[in-house]
Every structure is written in C-alpha cells, then in structure tokens.
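Both complexes below contain chain A, partnered by chain B and then by chain C.
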Partner chain A sequence: MMGLFARPRRIGVGVGISALAVLLAMPAMAQDETYRVYVANEFGADITVIDSATEEVVNSIKISDRPGEVRPRGMAVSPDGRTIYVSVSDFYPQRQTPEDKIMAIDVESNEVTGEFNAGGNPERIAVSPDGTQIWASLEAIASGAGYDVATGKQFAEHRVGIEAEGVAVSPDYKWAYVTAEATHTVSIIDIAANKVVKHLIVGNRPRVVEFSLDGTRAYVSAEIGGTISVIDTEAQAVIQTIDLGLDSRPVELAVAPDGKRIYVAGGGTSAVYVIDTETNQIVETIREQMGRRPWGIAITPDGKRVFTANGLSDSVSVIDTETLKVINNISVGRGAHSVEIGVVPNNE
Partner chain B sequence: MNKRSIILAALAMGSVSLPGMAFAQYGNSPFYDHTVELSQAYGLEVIGLRLDLAAAFSPPYDDELAETIEGVTGAALARFSGTLEDRDPELATALAAALDEVAEIAEGESDEDPAEAIAEARELLEQAYAVVIPAELRDQAAFKGGVIINLLLAEGGVAEGYEEAVENNEPWEYPNGWAALQRVKALWEEVKDSASAERLADGQEMLDLLDTLYPEAQPPAVVAGLNPEEAESPAQRLGGIVEEVTDADLYPDRDLPKLMGHLAEMTTAACAVYPQNADIAAESIYAVYDLFATHLADVSGMFAPELQENASELFGSMIVAEDDDDDDDGAASAEDEEEDDDGDDDQLSGTDACGELAEAFTELRAVLGG
Partner chain C sequence: MAGHFQGAERLGARLRRLGVGLVLGVVAMTAAPAWAQSPPSEVHIGIILPDASDSADPRFAVAQSARQGATMAEEEFVLNAEMFQIDFSVVTAEASGPDVVSAAESLVTDDGVYAVAGAFDTEEGRLLSAWAAEKGVPFVNLLAPDDRLRNELCAATSFHIAPSAAMYLDSLAGWYVRAGLRNWFVVQADNEESADQYARLNRSLTERHFGAREVGHAVVATAAPLDQSVIDDISGSGADLVVLLTPAADQLTALTAMETAGLDLMVTGFPYPEAQTRAFFEQSRQAAPKLGAGMRALAWEPTIDAYGARELNARYTDRWGEPMEAAAWAAYQGVKVLFEAAMFGGSTDSEAVLAYFNAPSSVFDVWKGIGTSFRPWDHQLRQPLYLSQIDAEATDARGLGLLVGELPAIYMPGTDPVERLDQIGDLASQSQCRL
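Presenting the complex of A and B:
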C-alpha cells in the first residue's frame, strides 16, 4: 500500500532511530524535559495541546475542515516522545474511505509533519519500541495492520476479531495484541512469523490493551464487562480478571512509568481506578472533581501527573499521582476521546 | 472435519485459557430468569411500535414504511402467539384478525378507517400483553429494564434505527428508532423513581440527547453525512444507568460460556415441547435466537465457524428471523415446518432441528470455555 503523503517530508523523519539509542537517551531526557498533553477531539476534528507545566491550552491543531464527518481518535507517541501519531477516520466504521489515515504531529512545532493512508477505519495505534513501525486496529475490516513509519507502506495485515479496537506492541516487539469489541477477544500476532497465533476471550467489549513495562503482562479493559483482564504473555492466557464494577465502563488505561500502578479511565462512573500491579487490587477510586465520562488516560513520563480525556464534559482532568486527587480541569475541544503525552526537551 | 476435531482446533487457538469472568453486582438477571417472557414482550412491543408508526403517519404509506407496518403479522407475533392461543384462543383469533386488518390498510388493500383499525388492534394487543406476561412480572423494574435495553439496542431500536438510516441511507429506518425512543421514555418514567439524583439527571440527559437526534417521527430530509453511531453512545450509557436503576444485569453476554450453556438448556427444554405444541416451542427458539445472534454468533464464528454456521442454519428450520420478514408474511409456524417435512426430505423437522441445535450449543459451550 502506497503512503499518501501530504507533504514532501516523510512521516518517519527524526523518528527512525535505533531502539538502543532511544533507551540510552530516555534517562537523560527525564532530567530536563517538559511535557505537552495532546487531546484528540472526536467531534471537533482537532487536537488540543496543553502545556503540562502551566496546565494551559497552548495550541489547537486542525485535523480536518469537516468536524462531524472526520474524526481523530486513538493516539500513540514515539519512543523519544517527539512525535504524536493520530488515527483518523470518518464516522462510518463499516467502510473504508480516503479519510482513513495516520497522521504525525511534531511535538516541538505542533505541526502536522506527515500522514499515510491506513484503510479500514483505524481506531487505535501503537508504535514499535524502536519507533520505526506502527500497528493499527482497523475497525471496518476486522484487522490488525503494521506500517513502516518511514515509507507509510503496510507490511502486515491480519484478520482479528470483529470491530477491532485496541492495539499494543510488546516491549520486546515480538507480539502485537489487538482487541475486538464484538467478539470479546484479543488476537495475538507473532510479528516475526507474521501470523496470528492465538485468540483469547477476555471481558465483554474489550477496548484497550497495554503491556507492563517488562512485557510479562498485558492488561485489557472491558467496557461492558467492567473488568481488566490480566494476560500472562508467556503463557498467552488470561490469569486474572480485576473487577471494577459493572457500571465502571472502563476504556483507556495507562501503566505508570515505574510499573507499580495502572490507571484506568472509568467512563460509566466518571472515575479513575488506580490498581496496584503487585496485587492487582484497586487501591483508590478517584471521583471527586473528575470530568464526565473519562475515556482517554495518559501519564507523564515522570509519573507525576495523570491526564484524562472526558468526552461528556469536553475537558481534561489533571490528577496528582502522589495525592491521587484531581487538581485541575481544563476545557478542550468537542468529544475528547484520547490523550497522549509528548516530550519537549528544555534545552532545545 | 468432524465436530470433535472442530472443538479441538478451537481449543488449540486458545479460546478457553480463562475466559472473561462476570461479577455479580445487580440483584436480577432478567435475560436468564425470564428469557422467553422478554422475547415475548419484545414481540408485543415491536407490534405496538408499528401501530404507533401507523398512527403517526397517514395512508397511503411510503412503501418502506408500509412494509414495516405489515410486519405486525410477522415474526413479532410469532414470539407470543402460541402462548396466547393456548391461554385465550378467542383473543388470539381477534388479535390476529385486527393485525391483519392493519396490514391490509398498510398494503392499500382495505377501505377500513385506519384510526379505528389501529385503535382496535392496540386495545387487543394490550389485552394480549396482560395474558402473555403476568402482571407481577410485567411490573418488575428488572423486567422493564430488559424491555428498555431491547428497545434501546436491539434491531430496529433506538441505536440501530438511527445507524441503519444513516449508514445504509434507509430513511424509513429512522421512524423505527423514533417510535422505540418514545416507548423508552414512557418506561423510564415508570422506573426512574428509584434512581439517585445523579443518575436521574444522567438518564434525562441521555434521553434529551436522543431527543435531539429524533425530534419527530418524520425522517430527516437528508440522512447522509450524519454520524451513524451518534445514537449508540447515549443509548449505551442510558443502558448502564437503567441497569443501576432497575438493579438488573442487562448484558447477558458478560459471561459467554454461561450464556451459551443457558441457551443449550433452553433449547433442550424447547425440544421436549415440540411434539406437543410446536408454536410454543418455537417461542423459546425465538428467544434463543435473539441471544445467540446478538451475543454469541460472532465469537462462535471466530472459534468454531462450522458449528456457528450449522447453528445459524438450524434456526431457519424452526423460525423466521425478523430480518427475513421481507420474504415471508409471517414467522414460520413450527407446525408448517412439520408439514413441509412430509414432502421434503431435505427440510429438517422442527423437532429434529431443535435437537441438533441443542447439541451444537453444547459443543459451542465447550469451545467458549464452559
């Protein structure tokens, strides 16, 4: 599949560096960096940018001139934090259209630097640990697909469950996991072998999947089930199901940088559930001052702040991870869907 | 590939490592406790909605709308007609005749006054509701919750009516969703008293959102370009609120193996009834079909496609699905199927199809981890 680039500059410029270089750079970056919070506004067809330090909106990036027809949804960040990727589609999940694409935003300039076609109504995306590849869930065609960041070419496409939704790649980049709402499944793709090796039934209407930092566990939110399924990635089996309550309606989840906690956005209860990954128990439920129907959630690389995208109140709630309290609510665009954190080095 | 190897192949794909668990939170499970009654109520409600549409518009009806109204004599009626016939044959006959009259008016083949015919059918339908669904059950909040969730999310309901109108550019699906929403609002009024202030406000907000999508019965002049899923989000959220307000688990597929096992048991019980009363047995099959098609067919097709296909085909030997109304004036009477069987060796009898379906469900239960 040919990439359809809006600009001469390719989407992968500045991103396709080696995984080793990224890993070596990460500790130093944490010393002197600031963060920008990107919020995909599904109905506004734009991305709100918030400075995490001042907690003020600093930019709004237009994704389309046709809000209500074209929508940004899932996002992912490159390993170095410098590029935000956005999955864009129309509102017809059962068909492929020219609107189906993945766009790249440069965090420093807040400019869209490239895009490529990703036919099949891409809903969510994940970036490989070395930043050179993107995996997308393609809702319309029940598939998980891999794309080369530098060229935009699709290098893999696999049939998964119906209404593909969430996608994640393992830290060792051996596996891509894709959830599917209608079949209540997670499909496990062996990336090197280029095939689906297993389907697992998880909770009802699975949404988002995330790996633990060491890759030994994968966590899957189930919106109707009100659960988080814990998958042992070596055994490729669900080993535990964490009950959040049937009314919780969990969607996105974020693993803390130290791996000790998971933060889950509970859209049904307008709450954030904090789970201890050692015990898989809920240690706190944050409700007070939360915006309404949080779907998106992300944590800063320093682990100090959690941001939620609240679809019914068109806002972002800011949570202090030390006190586990909401410390601010920030107005964003219409239909806040997902949130992601970009990194801006201060010395640049 | 034989059935055993199908199951083994499915197991090899890892379907049963440890399936999604469901946690009890609400005190009632109407889709398990009153499976057939909820299907019967759905049939009664669907006929009521079609009468509402017949009243909201005037003949001559648009062809698409006329076809919808004619459905009052179809599968919706078959969901409860066997029980009604058993309990009150005179009422069953009168209702069938009244609905036939409405259908003929919709077809343009009757000169009767539409308002009178609709009013008579509505009156008889209400009597039938009372006969088929005992008052103590109909008045239960949890049962009403089950009716509401069907009206919100089932085919032709609030969410689907809007989606089909927009996505498939079928404007006359829109009034179906509008009619379902009016009924949801009426039922919400009956259950909302037990809601907390917060949930009351949430519920009303969702209804208001849906009202903006369905301001009137008339389809919008242009449906293309709208968001087909716009009604789904508030409908789903309202469903969650109704669960809490009615203290009822309204998503029976939270535990897939349990649901498959339940359907296997329901089917087995229906098979025992077939020889005595095929129409009443078919009512159970309608209920089973709803739950299978809505909640289990997709996942079954993923892990055991041959079993899923076989099960889906077996339904065709017993009932006519709502989607097949176009091809048939009414649901296939199970007795008709028995008669057909005499002259057609390829057509399974209802009894035989039922037995095979029960067996298929038992195998699918194992595939899904039950």
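Presenting the complex of A and C:
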C-alpha cells in the first residue's frame, strides 16, 4: 500500500489536512503537481473528471443509467486519490429507496468498489484524514452518520438538526461537524466517544462547514442569513459572524491551504466571494465570466486555482487565485452540484 | 377545547431515539443577528384553529390543513428545543368567530402560552389583534388577508404571516399584465372587504402595473348567483380576464354561470384561504371544466421544488399523505417564527419578542428561498407569492395544481432583496398604520 505521506498530495477539501500540511512544506514538488477535479452532476447522474493542469475533461464516470431519477450530490476523495465517494439519492427526499446510498468508485477503472446503505437522503459526505471512515449528513432523518470504509458498515448515527446538510471531519480526526438547514445549527460529534457533545446556533439556513488547515477554525455558510459563522474549534463556540449581505446566498466554501482566504460560492447570485480571514472582510467579489449558480467550490492544494461547479450552466469555472479572475469555463455534465479535488492515483 | 400535540411521531420518534441532552454553545455575532446567548427554558405557543369538523363546511379543508401544519411544526421544533433543553409545546384550541377571544384568553391563562397564532378571516383577525394589543400578547395572523388589519386595525403586538390583500392583488396584476391580459372585468361582492380589494386593485392597475385597464365592473350580492345582466356586461366588455373579488363559494357559482353562458376568457379569483386548497381546485374544475381550470394565486404551492421547499413539501406529504397547502404552511411558519423569536430573542417576554420581530436584522427562512422579514410600518411579512395552474386532468391532489409563477422573482442579483420583496403590497408611504 502506498504510504499516505510518502508523497504528499491533495485530498478532498475539508479532509486530509495533515497530508496537506506536508505538501505545503514541499513547495517545489507542489508546483509540479497536477490533480484530479471531480464534479458531481446532479441531473446527468455522472461524475466529470478534469485534469487540473490541462483543464480538460479526462473521464466521465457513470453513476446510473437513470439520469433525472438518480441524483449524485456530495463527494469526497480518498487520501490516495484512488477512490471517490459519492452520496446518491433520488429526487424524493422522504422516500427510502435503494438509491439512498454512498458509492465508492475506483477512479481508474470506473468500477463501483463498494456501496454503503445510507437511507434518509444522504446529501454531503466527508472522509476522515486516514481514509478509514466516511461521515454523511442524512437530510431526511436529521442525522449525521459514520461508516467504516473497510466493512461498509454504519457505526454511528446521531441526531442533529432538521434538514441535515453539510458535514466535515476535523484535521485531527477528533470531530465531525454536521449542519442543519431548518434549525440553524451545527452539531459537534466526538468521533472517539461516538457521541454528540454540543449544538451551536449559526446563521440562517446553514449549508456547508469546512475546517481551516490547522483545524483551529471551522467556517459555516448560511444561505438565507447571508453569513459565514466562524467557529473556534477548541472553545466549540461561534466567535464571529461574517456578514456577506442578505442577498449573497452562500453555499459551499473552500479554505485556502494557507488559511488566509475563504472562497465562498454565491449560489443564486452567480458570484464567488473572497474573504480575508484575518480581517474577515470580503476582499473581492468575482462575477465576471462566472458560470451560473456556482454551488460547489474547491481549491487546489497549491492554492493557485479555485474550481466552482455551476448548476445552471453545466460548467466549471476556473479562478486564478492571484488575479482573482475567472480564467476558464469548462463544460461538464447536467446540473453540476459539487466539486472535489484529489491527487492523481498512482502518480509516483 | 384545548388540545396538546403529544410526542413526535414518525420522524420525531425516529429522531428521539438518537436524542442527547446538550448545551447551547456561546454565540458571538458581529454585523449579523444579535441572537441571544441563552434561550428561554420554556416556550409554549398557542394556535386557534377553526371549529370546523363538518367536511361540508367550506373551512373544513383549511382547518384540517392548518392543524396538520401546526402538528408537524411541533413535532419538528420540539426536537430543536430538546437540543437546547427548552421545554416546548404547541397548544391548540378550536374556536370560530367571537369565541376566538375566550379561546385565546384560556390559552394564555390556563395553558401558559406566551403567544397566540390564528385568524382565519377578517373578523377573527380583528378580534384577536385587539385582544392581543390589550393584553400585550404577541399575535400572529396566519390566514386573514384583509388590508384593514394592516392599516387602521393594525397593532404593535400583531404580525402577519398571511400575505395581505394588497400583495395578492399586486401579484395578480403583475402576472396577468405580463401574460398579455390587459382588459379586466372586476366582479366585487357587496361588502366592505371586497370594496377595499376593488379599490386596491384599481391602484395596482393604475399606479404599479401600467398596461392593463378595467373594462367593466359589477357589484354582486354575497351568496347570490351571477345574474344574466352581469354576464352580458362581461360578454360585451371585451374583457380577456375576469377577476372575482367574491367569497370562495361565490367564485365557484360565478364560474359555472360564465361557462354555461359560453364566455371564452380567463378567470381568476381573490385567494381567500378556502380558495387556496386542493379541494377548491377540484371544485373549481368541476364547476367549470374550462374556465375553472385557470390560474390561482397562493401563499404556498405544494409543487414548489426549490429552496428546500422540496424537502418541506416531502416531509409533510410523508407525514400526512397529502400535499402541503397554504394553511398548513402558514400554521407551520407561525409556530416557527414564534419559536425562533423566543429562542433567538432569548425570552418569551412580549417586549423581547416584539423587539426581535421588529429588528431589521431578524430574518426568517420560510422555505421561499430568500430571507423574509416583517415590514416595520405594518408588520406584514415580506415574502414571494405563487401562481398555480389548475390541471383539468390531474387525478391526484398534488397534481391538481402546478407552480407557474412566482412574484417577486427572488433571483435578481444586484438589487436590494428587501426592496425586491416590497415590489408587492403597500409601502410605508401608503400605510395608514400608526404603531
């Protein structure tokens, strides 16, 4: 087995920060690195794979032969880049069907290597830094659930707020955070103790939670409130709320590898907000050349490129983080929902 | 009789198995809602539902829908309350007409509710609003659209989730003018509420939606059939749209009369609560298979499929086996805003709750895809409204209507969201409310 840290590479945003820390210590190597960008196409029922260096589509992974019925949304990439995990459901939130599951897919063979039963409309998922666990938000049953990657068994299910949405695992692998849209909460799960230890009130209709590289902060987007809540992860408390404006519609967010910026996808506003984490102020709002309805967002481990999944224009916008301009738009599948970035498998 | 929703079923039971007793995290906010650092220990909310147990009663479907919405709200928000160790309940009473006052009194004194929601028509709204003002109790109007409740009858303790008549009429003008229907014949009932609607509709056409004109107007007696002279007037007016500002039952008889007379035009009616049900949609297409399968304005449409509405509609259908109608949505949101006002305001004291409702930073997510808030000048909840097309062929309740319009359109980047929502309804300069 390839050692996790033998060759540091990027794993999914919000996970695998330890590996990323090593990566940052090796800038020369990082500059030569290319990554795989995965885009979940909600209506096309497939995953588009993009080479980050050439910005070309290199693969398409079919999730189902029934687009419009089977719905891939949240994703995570294994630390070794060989497997993507996709949360799959149908378009009927309450109906329990075989489509409610998490699929593990080998990105080289496109073969499904595992399926985890995740009844209750799984929406988003995260991988633990060591790649042994998947955590999922189960929207219809207001739960955060943990799965053992090796066995495919669910080992944890915890009640969180109504309409569970975002999920992230802390870089130190101690905590899983789960947001809930209807109750404006983030529930903190102690992974080792396997119990919920706290609920926090955040902004109105929270969507996505992401940890900073060093794990000291977690950021939570709130779509209706137009805010980003800043959580001190040691104190387990909201210490600040960044107001993006009532009409900002923040959905997914990505924390830069150096922790100095947050990139926030502005969903219905077709914008990306760039926030300086020292001042917690917006330093740029990127609108020009942006695709329509950027829902998903991810940043490369070298911090040079941001990719957004644009649901209404079936595209991915590429942002240069130095100029904060959109430098490319790539056509993907129908209804691009989320985007994750992983290392190129077997890229020794 | 007061009833108490005991225990969460289905979703609730499933979730409670996983329940944990936890503490509220410290919340520090900057430039965002100043939410309380600790919630109250108890939140009890009263809802007064129509006393309508006879299925032949026009209010039966509304009452049932509202009851179900309130029940689901309690089942869901009790779970949220448990997360923060709040003793929470929704207590219901059934009463109609003048009896709503004694019901409200009992809810407060006997059941310990801190606020009351109700009002299924103008009279109930007037009585409950006056009672709440006298007692200093927060009151949420769920379904009464009458503009007078937001103007000369307004009160500092009253807040309106029910869209106002002005909002509905502006929306109808917006939709139909844009659809090219510019010659309107208006049928008004012989009562004060309908007369106000007629006056307001004229303002909509003349001041806000240029391009349409009134080509005829008739005043008809309540509960009387549409007589031949009115039909002749409509027929000879050149109208392409008839707007019925009459009670829901009278709208049905008017549809039948116009269809029988062979009129070929569009017909819509004022969306009283009884006219916002799937039962009414069914009656409408039965009363007039052609003219009765038109478009109707709604506060909520079960086929909304965005903004999380998909999930809310699905949960409701899963719980009750039928689509979430406007009355259910209103009752659910009535509980929600009162729960959140107490929780985030940190108290069930009237002063704190009213301050929370009035704060410019207080935003409510009512599953309409945009933060809604109460207008400071009349306490009307700003919100989008929906236009539904009645399906002449549908065989199931949900399919009886299909979402075809939304006003104001919420996706308009670059415009102020509050101004955007205030495109419908009365602005501060037009309000007669003095709080």
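In this text, the second predicted complex is superposed on the first by the 301 of 348 C-alpha atoms of A that agree within 3 Å, B and C clash if a C-alpha of one lies under 4 Å from a C-alpha of the other, contacts with A are read in each partner's own complex, and residues count from 1 in each chain.
Just so we're on the same page, a contact is a pair of C-beta atoms (placed from the backbone, for glycine too) under 8 Å apart; a residue touches a chain by one contact, two chains touch by 3 or more.
Note that this is a predicted model, so its numbers are computed, not measured.
Chain B and chain C, once both complexes are superposed via chain A, clash.
By the touch criterion defined above, A:Thr185 lies against chain B and chain C together after alignment on the C-alpha atoms of chain A.
By the touch criterion defined above, A:Ala126 lies against neither chain B nor chain C after alignment on the C-alpha atoms of chain A.
In the superposition on chain A, A:Ala176 contacts neither chain B nor chain C. Applying the stated contact rule after C-alpha superposition, one finds that A:Ala271 touches chain C and leaves chain B untouched. In the superposition on chain A, A:Ile141 makes contact with chain C only, while chain B stays out of contact range.
Once the two complexes are laid over each other on the shared chain, residue contacts for A:Gly68 go to chain B alone; chain C is not touched.
The partner of chain A that touches more of its residues, comparing chain B with chain C, is C. When both complexes are overlaid on chain A, the residue A:Val251 reaches neither chain B nor chain C.
By the touch criterion defined above, A:Glu157 reaches chain C but does not reach chain B.
Comparing the two interfaces of chain A, the one with chain B and the one with chain C have residues 91-94, 161-162, 182-185, 198-201, 203-204, 224-227, 235-239, 241, 243, 246-247, 268 in common.
Of all residues in chain B, only 13-23, 25-26, 167, 225, 227-230, 237, 240, 243-244, 249, 251, 253-254, 256, 298-299, 302-303, 368-369 touch chain A in the complex they form.
Across the complex, chain B is touched by residues 68-69, 91-94, 161-162, 182-185, 198-204, 222, 224-227, 229, 235-239, 241, 243, 245-247, 249, 268, 293 of chain A. On chain C, the positions that touch chain A within their shared complex are 11, 14-20, 22-33, 35, 76, 79-80, 83-84, 308, 310-312, 314-315, 317-318, 344, 363-365, 369-371, 410-411, 413, 415-418.
Here chain A touches chain C in the complex through residues 91-95, 139-143, 157-159, 161-163, 181-185, 187, 195-201, 203-205, 224-227, 235-243, 246-247, 268-271, going by the rule given at the top.
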